[in-house]
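First chain A sits with chain B, and in the next complex the same chain sits with chain C.
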Partner chain A sequence: MRKLLAQPASGQRVSICLLAIALVLYPLVFSDAFYRDIGVTFLLAAISASAWNIVGGYAGQVSVGHSMFFGLGAYTPLLLYTLWGWPPLAGIPVGILLSIGLAIIIGLPTFRLSGHYFSMATIAVAELIRIFVGTWALVGGAIGLQGPALARGWWDLTFRGDLPYYYIFLAVLALVLAVTFVLEQRRFGYYLRAIKSSERAARSLGVPVRRTKLQALALSAAFAAMAGSLYGVKTGFIDPDSGFGILVSVQMVIFAALGGAGTLFGPLIGALILVPLQTAANTWFGGGGSGATFVIYGGIIVLIARFEPGGLFDLWRRLAPLLRRRAHAA
Partner chain B sequence: MVLVQVIVGGLLLGAVYALFSSGLTLIWGMMNFINFAHGEFVMLGMYVAWLVVVWLGGGPAVFGLAAAIALFALGVAVYALLIRHVVRGPMLAQILSSFGLALLLRYTAFWIFSANFKTLPQTSLAGTVAIGGIYLPVAQVVAGLVAVTLTIALHLLLTRSAFGSRLLAVAEDRTAAMLMGIRPDRMQALTWGLSAGAAGIAGALLAAAYPWSPSVGETFGLLAFVTVALGGFGSVLGSLYAGLIIGLIEAVSAYWLGAIYKDIVVYGLFVALLWLRPQGLMGKA
Partner chain C sequence: MLLEARNVSKAFGDFRAVAGADIAVEQGEIVGLIGPNGAGKSTFFNCLAGDTLPTTGRILFDGVDVTRAPPEAHARAGIGRTFQVPTTFDDMSVLANVMVGAFLRRPHRNDAREHARRIVELTGLRADQPARSLGTPSRKRLEIARVLASGPRLLLLDESLAGLTPGELPEAIALVRRIHRMGVTIVIVEHIMEVIMTLTRRVLVFNQGRVIASGTPEQVVRDEAVIEAYLGRGARRPRE
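Then we have the complex of A and B:
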């Protein structure tokens, strides 16, 4: 087993360890509620963008409606709590299973066609669900749903303060990245990259293209639902826009694309840059900051597409040797 | 009688859907590219019309033409500065480019014009007209008729003129077209200009008849997807039929089920189409 997994280069291993230590110590060093809140937001963004990355980055199937999985993950535990008083911990796996089902329903017809259809279908289905949920009284309509106000036990996942959430989110992020890392090294990862660079060539080499794309989408949907459920239980509240809104999908795409879609740490780097920026923008512009945030997001997405489609990770890979040479010469 | 009025109103609105959707299908057919910002082009056409009426006091012909010219220029600029550089790049860059552009245009409009609904000041298209016992606003009738005429004109331009043949040649085989003395970049820039121009006029026609806010771009963009999916990718005539059908379905479902449910019906139709007949009604398998 160990032999199957390529070990990361030693320099890389050191930086991964440093990053892990920094993430574990962060909330202990910055105990202020404001900074802990940024930390939790960052982890959530990194989890969802890494989830998107599996199908959007590695397999190159660009979903612009991943909010449907996120929203399903967020709504299910809160709905089961509201209807029958289920503890959120029991509702989370149900949401994940529902998301996997939805992924298969969407993937089956659209993966027969070129990738554009998949993008169009995802945005249309996400929008359909958002409008539908907003008109359906059972799931709270436009007002949304609430979670338990007071914890009946730890299984309600309702804690005071951000610290427990921080470590739960960190563990989930580690899980997502570990799964992605293992898959990257295995045959499945090679299949995904083959499909991304040329579907026809991959098929002619015997890659089961449709099945692989479906598996990638199902896995990505499962993790996106997990991110959504964490958001739902942490906030204790969900409405159609914060669950299924277009911003949710956009953020996953932009974090991953800025850092580097199809790389292990790309989404995390994207979130590391954009989450503090977003918090700062909201502080500066006040409540009206969300409009400005979108203008900036749009601008960043256009610039990435035009100049650096590989994201910052790719840019760094090209710049690093040049910088090292210059440092050597000096 | 009310139902007849609903149906005619739906068909007239559907004609405008057909006009802007033909712009989307044009780009898809010629370049195999999905423009996620197409609905935003429609939205900008509405604001151009509004600015022309408010600042210059122009009539319908003036603001319609102004929206067409402004959006034609924007389409050419978007192609030259952005699309040309990504269209042969990775899929992610293609989708991100127009998706990012959509966000940029939509929220810049929010910033400049605010989220409030706007209507055009009273123009010469005010008032209603009675035809065979049903009453329709003049602006809707004019919008529908102009849109049908322009969509058919666009179809003829593509299928009957030398210009249309050159566009098709570039779409078929870029290199061969170049050898025939056609400049692919120029033809594709014109395609983007035509596509955005069609969206701009459609926006001006809609602005004369309905109130709007910056978020309509998203709605119209999705409607254009549905129309193109129904009519078949790359077919202007197909999007004319599909636009009329969707206008009809929307109007009737709003009448029977209530206004909120019309979007659900239309998007549901889209998802069903992708499941059952992804090449569109008139497309080839």
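Then we have the complex of A and C:
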């Protein structure tokens, strides 16, 4: 265990600690509702992107349909509340289990495809689910579902301010990152990176490629569903677009890719940059802001794909030694 | 018999890349597989490694039918292979590449890392170097290290020594010898006759998808059919 902790370089460990402290203190320093809301949005984005990162980043299986898991996670607790008055806290695990089941059902046929074909298939499935949910009266159709308006107890996870949500989300983010970190160090993590690099070579070395990819997708789906359920419970409301919409999937991909897909903190860094930017765009452009978001995303996709496929993390890894050398010289 | 392939064929549409090929390899042998470009050696190799499903024929490994088994099952059974075009895991270090192989029989990270370190040392690579920064000969060496770490009983080497300079060859040949001495049976596809001559005592010559000659390297290079396959009909005819 000590070896495990000693692994990141000491400089890196210091920055991780600083980041953790900053995240814990943030809502206490910025107590304004506006800033706390940005904080919660950032954490949610970081959780989603980190969840996507397990299968999309480490294993290189670029799903653009992760909204199916997010949406299922968001809908399930609210549906169980609407139907039978279940507390959201009990509905969340059900949503996670359903997402794992969906991941296996979707993964079995789609993992026969590779590269762009896999991405296209995931988009298609997520869109089908979105359209289906939008016409199904039981789950609220196009209008969607609502959660408890007033908390019957803490298990309803319905709080007045953002502060409790902030710390719940922060704990979940820490959980996702811890699980990812541990897996990264184990055989599973090595296998994922080998699969990303060359499935053919991985199989020739005895890597059970399909099983490993399915496990990665199931885990990724579980965390994406957790993110979705947190979103649904916090907002107290979910509709087909905010649950299953393609923008939900695209955001996960972009946040992770900008920071660095397949790195532990890449998705978090991506969210750290993009969430404030998105909020600023919404503030500047008002109602038309969501359109501007698309434009910004499009631009980012082009820039990453053209110049930095490894994301900012990779860029930093290459630049840091050069900068250090220059600092030494000066 | 460790490996036995009978009447293996592989057709791509109308084209039969492998057309009724046989091979039998005893435990502990080094067998050479030579033949002109396009003779079907690599396709045959892929059939043996489970990468390509043969159209007809049977492949037995240690008496077990592995014809339709997927490549990962071949690896588990003990058939290791390298690729003609090296496919290293470029985002990973040399050591991590080799660890992926080592994990097959050593699921725990520290065991796998220890084992991988020994193999990396044996093959003369540098553990912490990123695989991306290696040249083609080193990549081929890394492929050998990686598959060696997975503990194969039979190693299929597909032109692993191609592209080496004459100065680098002796070291590479010594490496193959060392692997052989570790008890690994080897089938080697190679164009460089020096490699075949020094390493193997038995050679199969492939042409148009089947074995046209076999014997010691010295016998094979004098074989009429072999000369014809390489140089074309009439190559032996005295000049007028």
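Just so we're on the same page, the second predicted complex is superposed on the first by the 323 of 330 C-alpha atoms of A that agree within 3 Å, B and C clash if a C-alpha of one lies under 4 Å from a C-alpha of the other, contacts with A are read in each partner's own complex, and residues count from 1 in each chain.
The rule we apply is simple: contacts are C-beta pairs under 8 Å (C-beta built on N, C-alpha and C of every residue); 3 or more make two chains touch, one makes a residue touch a chain.
Computed from a predicted structure; not experimentally measured.
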{"item": "Chain B versus chain C as contact partner of A:170, first or second or both or neither", "value": "neither"}
{"item": "First, second, both or neither for A:208, with chain B first and chain C second", "value": "second"}
{"item": "Which of chain B and chain C A:190 touches, first, second, both or neither", "value": "second"}
{"item": "Of chain C and chain B, partner touching more chain A residues", "value": "B"}
{"item": "First, second, both or neither for A:257, with chain B first and chain C second", "value": "first"}
{"item": "Touched partner set for A:132, first chain B, second chain C, both or neither", "value": "first"}
{"item": "Chain C-contacting residues of chain A that also contact chain B", "value": "none"}
{"item": "Chain A - residues contacting chain C, complex", "value": "185-187, 190-191, 193-194, 196-198, 200-209, 262"}
{"item": "Chain B-touching residues of chain A, taken from the complex the two chains share", "value": "56-57, 60, 62, 64, 109-110, 112-113, 115-117, 119-121, 123-125, 127-128, 131-132, 135, 246, 250, 253, 257, 261, 291-292, 294-295, 297-306, 309"}
{"item": "For the chain B and chain A complex, residues of the former touching the latter", "value": "32, 34, 36, 82, 85-86, 89-97, 99-108, 110-111, 218, 222, 225-226, 229, 260-261, 263-264, 267-268, 270-271, 274-275, 278"}
{"item": "Touch list for chain C against partner chain A, complex", "value": "49, 51, 70-72, 74-76, 80-81, 83, 87-92, 96, 99-101, 103-104, 107-109, 112, 146-147, 150"}
